[in-house]
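Right after this note come the structures.
In the two complexes below, subunit A is the common chain; its partner is subunit B in one and subunit C in the other.
Our next item is the complex of A and B:
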């Protein structure tokens, strides 16, 4: 099931001409990427010229030199800097903390927030997840107030996100006035009814595709109409059928945003997180990006299928590195250790969360050749990179503050 | 891969497959099956005995899952070895320094009343939240 691509006739390469890179065939184009996420889309003759050795008079030379694809003009200092900035060497701790609030007690909420603030990241995001805000209101109210105070006391920016299916207007007002981003957990079934408002006014949406989700462009218009600022789409299931449908839906959704880039205020969180920075920052990446907490105050490596690490009330942050699960998930997150990832053009943008691999394939490492998660990530990245040649895409990414230069 | 009395029997040649790869395959199956291994000089003979009775397609799927993980493990070890200079350079400093927690707030350390005031503030918040129920 691997989606790696190969040439029918491999091009001839002159040793020392092109700097190390990975390639991927995208339609008639060839995508090349380097270790640090710089990329270029070339035609076959252009790629042949690169491998044979570009002359400085070649019109491609300035572009490929500036992106570090020419071995003869490689900037080692810049490469070292990028390696540090984008790699784990500059990792400060998990930035995202997902708290499952349903049935959580106030005492547990307090110990979980205390644990979160023992994490040393320069900024912290607490994502508070619930079904109906009314059912967890005292806990949601308390965490909002307490986390704000802890942020002030520790002089660190704190981002709060309240993600749920239902929320009363006065609760939404309280959260808005305390700078809490409201995120609606939605399931997209069929085509949208444009007149049907969401359960509450939210800035973000975490939208899981239902089995019959259709018309992604209409859904994009629905999100725009109801004032959403960003959407993160999720597949209905992690089987082959679900993944193909998801990739197709995503392509249509992204296509709409690109076509209406000038007027739309809607952002695609998937594209932003893939292109926006560091692979270990990808949402859901165990420990490196995320820790999760359940209603009983237990700490997990991730929200979905994470491994239990201990209880927030008794676990010390500094003990995490010594727990067997933590080095295991970190090593498994690292693409250099994965058979197919190590040759994949999307390696600088992608990480499969080990907990998801464990849930879907029974192993933290995942089996990339047969991994549906890998197929999904590659399909999504194909949908993004195929469109990068379009000026409108670049303008939209610029609007989203994603720098891919 | 053949089916004998409700179990999968598979022969795997050395040195492509090693004991670690077979262990990884067995771990991927978890409690769904028991895995028995017999070793000769040149090969392993593996019996995968499922927990409960399985229809033939499911049985073959189970065997396939085992083989996928065993082969993937062997290949992964080669990849890990090949990339170890780079990955060690990344992981060694990460784990050498451990995960240092945020140090205690100097303001609370120097001024005990600050800590006491903050505790009072939190207790008041908790009381207010409890009153909402």
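Our next item is the complex of A and C:
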């Protein structure tokens, strides 16, 4: 069976019955999704009835009609608006900008922030990445102040995130008092030592799994104990072994959050990004949602493995579209252009980063049937959607302000 | 090399396949099955097999599957997986084709919304003034910020000196600079 899953005995699809959708077999259920992220979990007889044509007297009719899965009762105006709002037709420019601060000069910092503010998005997020805050403190201090002022001048909300491995308490206090979210870059190895505090108090964690990472539930408790509000997990490696271990770890981690949903304040950033339509937070949205900058002020299509586009000091935002790399990257990341993605039930939630495909498979376009990146995304989404039947999962998503209705 | 042909087996509810020592072949009628489903199923086999299509695309094609890892992949299982995916591809393409007019209409309406022909799109964010268009006050504030950050750097350097009054940690360049 391929990644898309297949029926043993396929049903018949009658014209005029089911509206546009994709399906995926999840255990004994069939997940159906539309292009805009609305979903339903059906049994096989229910799915057969949908494809054959539901009668208005059918108990499923109100649910599937309200979610837009019935061709004969389809809300065209709402569908067109969602198509406009979620597609490239309403694209406002990249919202997330990742700045590598280690060894960056003040002049470079200023020209990079100036470039970021030339991007026309209605709101901007600057993620400031470093190893030790003390080593980059003047630049970090300057960008915090300068970006805030630029945001006020251009009347746009600006979100600042400081992500590093080390930070002194007075630096953390300064960032907190200036509304900067502190994110700790961590590597999870073995099981956690509950008495071992993180290097600094942070709200978020970007946690890469070490080769021997174990006991995801204990790690979830460790994050809770040390006051983290959200965690984004990353695989140790992009090979088959690393991907399987990561998916298993993620399932355990998410399982703990669901079981303790009432008392925990910890959030899973991956689930929120997938289901909440915040694709900029996924490692998969080169140029469309994210640009990255190195210490020399060079602009890249993504933080990891991105293609260089030019220097922030001389590049004009309006020139981006004319660079050969930009249309290539955008075309490669659009699901309609990928045969597997265009038929995938997870299409509205997922994007494969062309930069990561380039790094792992040597091609921007990627080969999704054999892509480990695709296997990881499918595994994570399977772990989430398999749990959506559980009332506790829905309550937790509600708590995270994720609306999947 | 002469390949040994095995007797054709009947796959469940679908076309028969033939197995040789190196590859599995399936003959499919284009008019009956549709070319898109064949392409779709062939594409999905890319992680496990090299797939080649032979024949007349107006009548019938032979799909030849050669496993990428012959030691671990059984040809029979490969052929059956292809046919299973092929049957599901027919469902996916049937749903897609049945809904082609709906999708075309939605795409057309979305373009009209973007053009402002039907309910106008949300107003775009006001463009940020370019650096050359900054007001005098804004320029002054940037200068003040830079002066502040320079003072911050000086304080940090002074702290370093205080912690190392004899300049033990200073590099050769720094000691020469101080002498000059």
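Definition applied: the second predicted complex is superposed on the first by the 396 of 405 C-alpha atoms of A that agree within 3 Å, B and C clash if a C-alpha of one lies under 4 Å from a C-alpha of the other, contacts with A are read in each partner's own complex, and residues count from 1 in each chain.
In this text, a contact is a pair of C-beta atoms (placed from the backbone, for glycine too) under 8 Å apart; a residue touches a chain by one contact, two chains touch by 3 or more.
Just so we're clear, the structure is a prediction, and the values are computed from it rather than from any experiment.
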item: Combined model on subunit A: subunit C and subunit B, fit or clash; value: clash
item: First, second, both or neither for A:120, with subunit B first and subunit C second; value: both
item: Which superposed partner A:146 touches (first subunit B, second subunit C, both, neither); value: both
item: Touched partner set for A:226, first subunit B, second subunit C, both or neither; value: neither
item: Touched partner set for A:106, first subunit B, second subunit C, both or neither; value: both
item: Dominant contact partner of subunit A by residue count, subunit C or subunit B; value: C
item: First, second, both or neither for A:137, with subunit B first and subunit C second; value: both
item: Partner chain in contact with A:363 - subunit B first, subunit C second, else both or neither; value: first
item: Partner chain in contact with A:84 - subunit B first, subunit C second, else both or neither; value: second
item: Partner chain(s) touched by A:339 [first = subunit B, second = subunit C, both, neither]; value: both
item: Contacts of A:159 with subunit B and subunit C, given as first, second, both or neither; value: neither
item: Against subunit C, colliding segment of subunit B, chosen among 9-17, 63-71, 81-89 or 117-125; value: 117-125
item: Contacts on subunit A seen with subunit B and repeated with subunit C across the two complexes; value: 87, 89, 106, 110, 117-118, 120, 137-138, 141-142, 145-146, 149, 153-154, 339, 367, 369-370
item: Residue ranges of subunit C in contact with subunit A within the complex; value: 12-13, 39-40, 43-47, 81, 84-85, 87-88, 90-92, 94-96, 98-99, 102-103, 105-107, 109-114, 119, 121-122, 124-131, 134, 138, 141-142, 145-146, 148-149, 152-153, 156
item: Contact set on subunit A toward subunit C in their complex; value: 1-23, 51, 71, 74, 76-77, 79-81, 83-84, 87, 89-90, 92, 106, 110, 114, 117-118, 120-122, 137-138, 141-142, 145-146, 149-150, 153-156, 339-340, 343, 367, 369-370
item: Residues of subunit A touching subunit B in the complex; value: 87-89, 91, 93, 106-107, 110, 117-120, 137-139, 141-142, 145-146, 149, 153-154, 316-318, 320-322, 327, 330-331, 334, 336-339, 342, 361-363, 365, 367-370
item: For the subunit B and subunit A complex, residues of the former touching the latter; value: 24, 27-30, 65, 68-69, 72-73, 75-76, 79-80, 82-83, 86-87, 90-91, 93-95, 98-102, 105, 107, 118, 121-122, 125-126, 128-130, 132-133
